[in-house]
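There are structures below to look over.
First chain A sits with chain B, and in the next complex the same chain sits with chain C.
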Partner chain A sequence: MEFINPDVVDLSRFQFALTALYHFMFVPLTLGLTFMLAAMETVYVVTGRQIYRDMAQFWGKLFGINFAIGVATGITMEFEFGTNWSMYSHFFGDMFGTPLAIEGLMAFFMESTFVGLMFFGWDRLSKQAHLAITYLVALGSNLSALWILIANAGMNMPEGAHFDPETMRMQFESFVDLVFNPDAQAKFVHTSVAGYVSAAMFVMGISAFYLLRGQHRQFAARSFRMAALFGIISTVAVITLGDVLGRLDYEKQPTKIAAIEGLWHTSNPPFEPWIVAALPDDAKQENRYEIGVRLVLTPLITHTFDQPITGMHELEEEAGPRIRSGIDAVAALRRYGVTHSSMDLAQFTAHEQDMGYGLLATRHAPGQDITAIPADQIDDVVRATQPDILPNVFVTFWSFRLMVFLSLWFFALFAISAYLSLKRRLERSRLLLKLCMWSIPLPILATEFGWITAEAGRQPWTVFGWLPTFLSASSHGVSYMVFSLIGFVLLYSVFIAAELYLMFKFARLGPEHDSMEPHAPAASRASAFDMRPMAS
Partner chain B sequence: MTKLLRLAGLAVILVVSLLFAVFVGDQGPWYFAWVIGTVMIILISGAGAIMLDAQSSLSSDGEI
Partner chain C sequence: MELYAILKIVWAALLGVLFIGLGTMVGMDMGVGTLLRFVGRNDGERRTALNIIGPHWDGNQVWFILGGGAIFAAFPTLYGTSFSAFYVVMITLLFSMILRPVAFEYRSKADSRLWRAGWDWVFLVSGFVPMFIYGAAFGNVLEGVGYHFGWTGQYYQDESFLSYLLNPFAILCGLMSVGLSVYQGGAMLMLRADDPIWSRARRYAMGGGLVAAILSVIGGIWVQFLPGFVMTAPVNPAMPANPLHGQSVAVVAGGWMHNFHAHPALWLLPLVGLGCMLLGVGMLARGHTVVSWWLGLGAWVGTIMTVGCAMFPFLMPSSTTPDQSLTVWNSTASEYGLGCMLVVAGIFVPIILSYTSWCYYVMRGKVHTADVVNDTHSY
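Take a look at the complex of A and B:
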C-alpha cells in the first residue's frame, strides 16, 4: 500500500513556507528595533536630554504594533509541527521540542512580561530601571530567536542526538552540543544582525520621510544618524557572518552550497568563476546564460586557492553507495522491529549512518516498500534516487543572489547616509532621503530570501541526512490541507493589512511628543507618497 | 557604604563577565561575538547622536 501522498506533502510544505514567510515579515523588525530602542534610551539616561526619551517612546510605539501582530503569527507554526508534520515530530521531537519549550518558557514569557513594563513603566520606574527593562525586552526577543534557530540548526546539522532503533526516533544526547551547534551559532548571529539591518532601515526611512517634509527635523536627524550608524555596522557584520554560514555549508551541507553556487561539476580551483547570474535548469541539470567572475568562487567558499568544491553531478555519484547502504539499513531495521535479533541490529548499526539515504529511496521502491525491492532492481532504484539528493537549484541559487545583491545595496545606502549625516548635509540630498524611504521593506525581503536559501537548500531533508521531507508529513487528506491553507492565507493577509495600516497611520502622525519642535504640524495630513516640500 | 556596595556590584559584574567570556568564548565564539558586537553597535550609534548634539551646539547654520 502506498502511504506517501505527494500532494499532501507539497501542500504541507507550501503551508509551512507561507506561514513562516508571513511570520518572518515581523520578526526582523522586532529583533532589531528593541536594541535600537535600548540605544536611544541609553543616550537619554546618559545625557538626560528629553528628545531621546521622545525618540524611544515614538519608535517604541511602532515596535509595539509590530510585536503584537508578529507574536500572533508565530504561534500557529508551533502547532503546525504537530498537525501537519507529525512524522517529523515523532522522529525529531526529542531534539526539536526542547529548544522550542525553552523558547516558550524563558524567552517568550520574559519578552512579553517586560514589554508591558516597558510601555507602561515610563512614569512609574526610575530612568535606570526602565532602561534595564528595555534591555531585557531586547534580550528576550533575541533569545526567542536563538532557541528557534537552535531548533532549526538541529534540522540542518543534527548534533547532540543519536538514532535509537528501539524507539525509531532521534534521542536527545547532549544539551551542550545542541546549544553550541556551530550552525546554530552562525545562524543566530546572522539572523539577529539581519534584524538590526531591518530596524535601522525602518527608522532611517521614516526619519527620511520627516526630513523630506521638513517636520520634526531635530527628532528625525537624531533618529536618522543613530539608524545610519547602527545600520552600516550591522550590514558589515551580516555580510561577514553570512560568509561563516557559507563556510559551514561547504563543510557540512555540500548539496546546499553546490546548489547556491549553481555548481553542476566540481570546481576547478582557483579559476572557477563565481556565477553572478544564470538560469539554472533543474531538469537538464545545467545552467543557461551564465555570467561569472573568474578567481572569486574558490577563495569565497573555501578560503583557499586550491581546494575544489564538489559539484552536484559528483555529489549524486557519491550518494550512490550511500543509498545502497541505506537500503540495507532500512531493511535491517525493519527486520529488527520484528525479530529483535542481535544479528539484525548489528547489520543495521553497520549501515546506520546511511539510513536517511535508504529512506530517500522509498519513493522508487515497489509499493513504496524498501524490503520489496528485488535484488536485480536495486541498481535501478539507486540510480532513480540519486538525483533526489539535490535541492531545487533555481530557487536556492536565485534566493541567495537576491539576498546578496540587496545586502550590497544596504551597505552602499547606509555608508552614504552615515557619511552625509556626519557631515550634516542630509537635507541637501533629497534623492538619498527618497531612496532611504523606499528601501524600508527591502531588508525584510532580504531576510525572507535568506530563509528561503537556508530551507530550500536543506531539501530533500527535514533532518539533514536522516529524514526525507516526503516522509515527514502527516497523513491528512488534500481537502483538509487546501481548506486550512486558504484559512491561513486569509487570516495572515488580514494581519499584514492591519500592520501596514497601523504602521502608516502612526508613522505619518509622527512623534506624539517632540520636545525640540513641540508645535510641529502633524505629518498625517501629507501623503507618504507625496515628496513635495510642505509649504511653511 | 553606598560607594563600597556599588564597587562590589561592579566587581561581581566584572567576574561574571570574565567567566562568561572564557566559557562562551571557548564553546560558542559566535555567541560571544554577538554580545560584544551588539554592545559596540549600540555604543557607536549612541555616540553618533551625542556627536550631533555637539555639532548642533557649535554651529548656528541650522543644517542637519
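Take a look at the complex of A and C:
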C-alpha cells in the first residue's frame, strides 16, 4: 500500500491555486474588453465617426497586452490536471475532459484564430467584416468561459455521471445534465459579467486618468460614459446571479453555505442574523467578535422566512452514518476488484452513495487502509473523519465578504460616475475621477475572492461528495513540486513585470490617432525600424 | 465488432490526426521561432519573420491545447498518467511554451534593443525546447515507462526522471522532431518573405529536412533492436476501460515490428515519411516552396502513422508492470463519452478547418519589411 504524502498534496494545491488565481488576473479583462471593443466598433460602423475606431484600436492594444498572458497562463491550467492531479483525471476525466475539449473545439479555436485577424486585418477587411470578426472574438472568449465553468460546475455539483465499479471511475452518462447543470449556468453568467465589471472599471479608470490630466478629453469622456453604463448594468447582474448561486449552494453544497455564513449551529428562522464581520476559529469551531444584522440571513439565502439553514455542527453529525456506510462501500469495492463476485457488487451498490465519505476516512485509518480497519476502531475513525467534511471556515467566510463588500463599492462608484457623466459634470469631480483610477484593480481582486469562496468552500472534495482532494493528487516527490513551484514563481514574476511595464507605457501614451486632437503629442514609435545588425 | 471497440479505434486514429496537425502547424511556428535569430540579422528582418506567422500562431497553437484536451476527454487515464510520469519534462515544456504568446505580443512593443534581443532568445528556446520534448516523448513511450497502478486507479512512478531525460533514443527522436519543425518553419518563411530571408530560410529548411531524414533512418534501424511490447493473450477490445486487469503483456526484443510482420503493407508508411522528407529537400533546392510545405505535412503523416501502427494497440506501455500498460482498449473514456466527443468533433472540425483556411487566404501574399515597421498593429 502506497502512502499519500500530505506535503505533496498541499504543495499541489498551493501550485494550482497560485496558477489559477494568476490566470484569472487576466481573464476578466479579456471577457469584458472584447465586448466593449465590439460595442465601440459597432458605433464606428453605424455612425462612421472616426473617434470610435480610434477607441476600438487604442483599447484593443491594451487588450492585446493583457490577452497574451491570459492565453499563456491558461495552458498551465489544462496541463496541471494531468501533471499534478492524475488520480482526479483518471477518476473524473471521462466527464470533465469533455467540456474542456469542447472548449477548445468550439470556443478557443475561434477566439484564437480570429484575434489574429482582429489585430492584423484592419486594412485587409471591409468595415463590416472586421466588426464581425471582433464579435466572433468576443463570442469565442465568452464561450470559452462557458465551457470552463460547465467543467467547474461538474466538480462542485456533479451531474450527469455515475460511479462505475468496473472502471473505478465516474462514467459520463448525460451530456444534457452536464451542460444544463444549474450551477454551470448561474456561474457562467456570474463570472463573465464579473469580467465585464473589471473591463468597465479598467476603461473608466484609464479614461479618468486622461480627464484628470486634461488630455484626449473627447476620447476619454466618451470612453468613460460607455464604461460607466456598461459597468452599472454588469454590477447589477453580478450581484443578482451571486444571489442565485447562494440559493443553489444552500440546496446542493450545505457545507459551503454554512462556512460562507460562519454558521456553526443550525439557523433560527426568521431571526438569525447575517454576520457582517467575525473571526471564525476553525480549531475551536466558533466565531469570535461577531457583528450581525438580525432578520437578514434567512431570506437572503433561502428566499423564504421559515426554512432553516443547517449549521456546521449538525452537518458533522449527519456525516457520521455516511462515513460509516462509505467505509463499507470502499471495502466491498476493493474485494469486488479481486473477486468480481455478485455478492461484493451488491454490498457495494447498497453503500455506493456514501463511497466518497468512506474515501475521506482514508487518512485516519490505521496504515491508511480503510479496507482493513479492526471493528473496535471504526468508531474512532468515523469520529476523527467527521470534522474533515468542513472547508476552512475563516478563508471561505472572509473571501466571500470581501467579494461582497467590493461589489457594493463598485455599484456605488458606477452609479455616481454614470450620473455625473451623463450630466457632463465629470471633469469638476476630481475626487471621483481619482477614485475611479485607483479602483482599476479592485474588480479583479473581487473576482479572485469569488474563486477562493467557491473553490475553498468546495473542500475537502475535488468531486463534491465523491473524491476527496487529498486522494486526487499525483504521487510525486516533494522535489518535483519544489522544481515546478520555483519555475512558476520566477516565470510569472517576469510576466507580470513585463505586462505592467507595457500597460503603463501604452496607457500613458494614450491613443496614437486622436482625431479630435490633431496636435496631441504623437505616440512615438519612430525608432521601431532599426537596420543595425543585432547580436546573434 | 462492438460499437465501443470501433469508437476506441476511431479515437486512436483521431489522436494520430491531432498529433499530425500539432506537428505540422505548431511545428511550423516553432520552427520560425527557432530560426528567428538566424534568418533575421537586423530588427526589421526579424519583425518580418515574426509577422509572417503573426496572424496565425495563436490559432495554430490551439492544435496543441486541443491535443491535450482530446487526450483528456478521450483517454483520461492516459492523460493523467503520461503527464504525471513525465512531470519534469512536461513542466519544462509548459514553461517554454507559455513564454511564446507573451514574446509575440510584447517583443516589438518597446524600443529597447536589450528588450527585443531578450525576447528573440525566448523565441529560440520556446521554439526548440517544445518540439524537442514532443519528439522525445514519443521516443520514451516507445521504450516503455516505469509505472504501476494501485487498486484505486492511482498511478505510481517506478523510475527516476533522469532515465527518460537522458535516454539516447528519445534524444534522437527529439532532434528529428526539431528537424521537421525547422523544415516546416523555413518553408513558411520562404512562402511569405523575399530575400535575404528567403535564401537563408531555404538553407536552414533543407538542413532540417536532411537531419530529419537521416535520423529517421537511424531510428528505424534502432527500433528493430529495442524491446517492444506484445499482447500474449487475446484481449476483449470492448472491455471496460480499466488498466488494472484484462491484459497480459510481454516484453520482446524487436516487439515493435510485430504489426509490420503481420501486415507488410504497413512498410509504405515509413517510406512515405522518408520519401516526403527527401523529396521536400529536393523541392526546396529548386525553390518550389508550396510543394515543399505540403511535403512537410506528408513527412509528419508518415512518421506519426509509422509510430502509431508499430505500437498499436499500445499507447504508453509500462516497463515495470507490462500487464498494466495503457492501450487503446483500457485507457479510453466511456462509450457514451467517446460517442459524444465524436459528434462534437464531427460538427466543429470542418468549421475550424474552413475558417482557418479563410484566415490564411485573407492574410495571403508576401510580407515586406517596410510595411511591417510602418504598421502599428504588427508584432
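In this section, the second predicted complex is superposed on the first by the 518 of 536 C-alpha atoms of A that agree within 3 Å, B and C clash if a C-alpha of one lies under 4 Å from a C-alpha of the other, contacts with A are read in each partner's own complex, and residues count from 1 in each chain.
In this section, a contact is a pair of C-beta atoms (placed from the backbone, for glycine too) under 8 Å apart; a residue touches a chain by one contact, two chains touch by 3 or more.
All figures in this text were calculated on a predicted structure; none of them were measured in a lab.
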item	value
Combined model on chain A: chain C and chain B, fit or clash	fit
Which superposed partner A:Ala186 touches (first chain B, second chain C, both, neither)	first
Partner chain in contact with A:Phe35 - chain B first, chain C second, else both or neither	first
Residue contacts on chain A - larger count, chain B or chain C	C
Partner chain(s) touched by A:Thr255 [first = chain B, second = chain C, both, neither]	neither
Chain B versus chain C as contact partner of A:Arg217, first or second or both or neither	first
Degrees between the directions from chain A toward chain B and toward chain C, using C-alpha centres, nearest 10	90
Touching partner for A:Thr447 - first (chain B), second (chain C), both, neither	neither
A:Ile65 touches, of chain B and chain C: first, second, both or neither?	second
Which superposed partner A:Ala101 touches (first chain B, second chain C, both, neither)	second
Contacts of A:Gly82 with chain B and chain C, given as first, second, both or neither	second
Superposed arrangement (fit on chain A Cα atoms) - minimum chain B/chain C Cα distance in Å	18
Common interface residues of chain A - those touching chain B in one complex and chain C in the other	none
Chain B partner contacts - residues on chain A that touch it in the complex	35-36, 38-40, 42-43, 46-47, 49, 52, 176, 179-180, 182, 185-186, 188-189, 192-193, 196, 211, 217-218, 220-222, 225-230, 233-234, 237, 241, 244, 418, 421-422, 424-427
Residues of chain A that touch chain C when the two form their complex	1-2, 57, 64-65, 67-69, 71-76, 78-79, 81-98, 100-106, 108-110, 112-117, 119-122, 124-125, 164, 166-169, 171-173, 175, 334, 337, 471, 474-476, 480, 483-484, 487, 491, 495, 498-499, 501-502, 505-506, 512, 525, 527-536
Chain A-touching residues of chain C, taken from the complex the two chains share	37-38, 40-44, 46, 51, 54-59, 61-62, 64-66, 68-70, 72-74, 76-77, 79-84, 87-88, 90-91, 94-95, 97-102, 104-106, 108-111, 113, 116-117, 120, 150-157, 161, 240-242, 244-245, 333-334, 336-337, 340-341, 344-345, 348-349, 352, 355-356, 359, 362-363, 373-374, 376-378
Complex interface listing, chain B residues touching chain A	27-31, 33-34, 37-38, 40-42, 44-53, 55-56, 59, 63-64
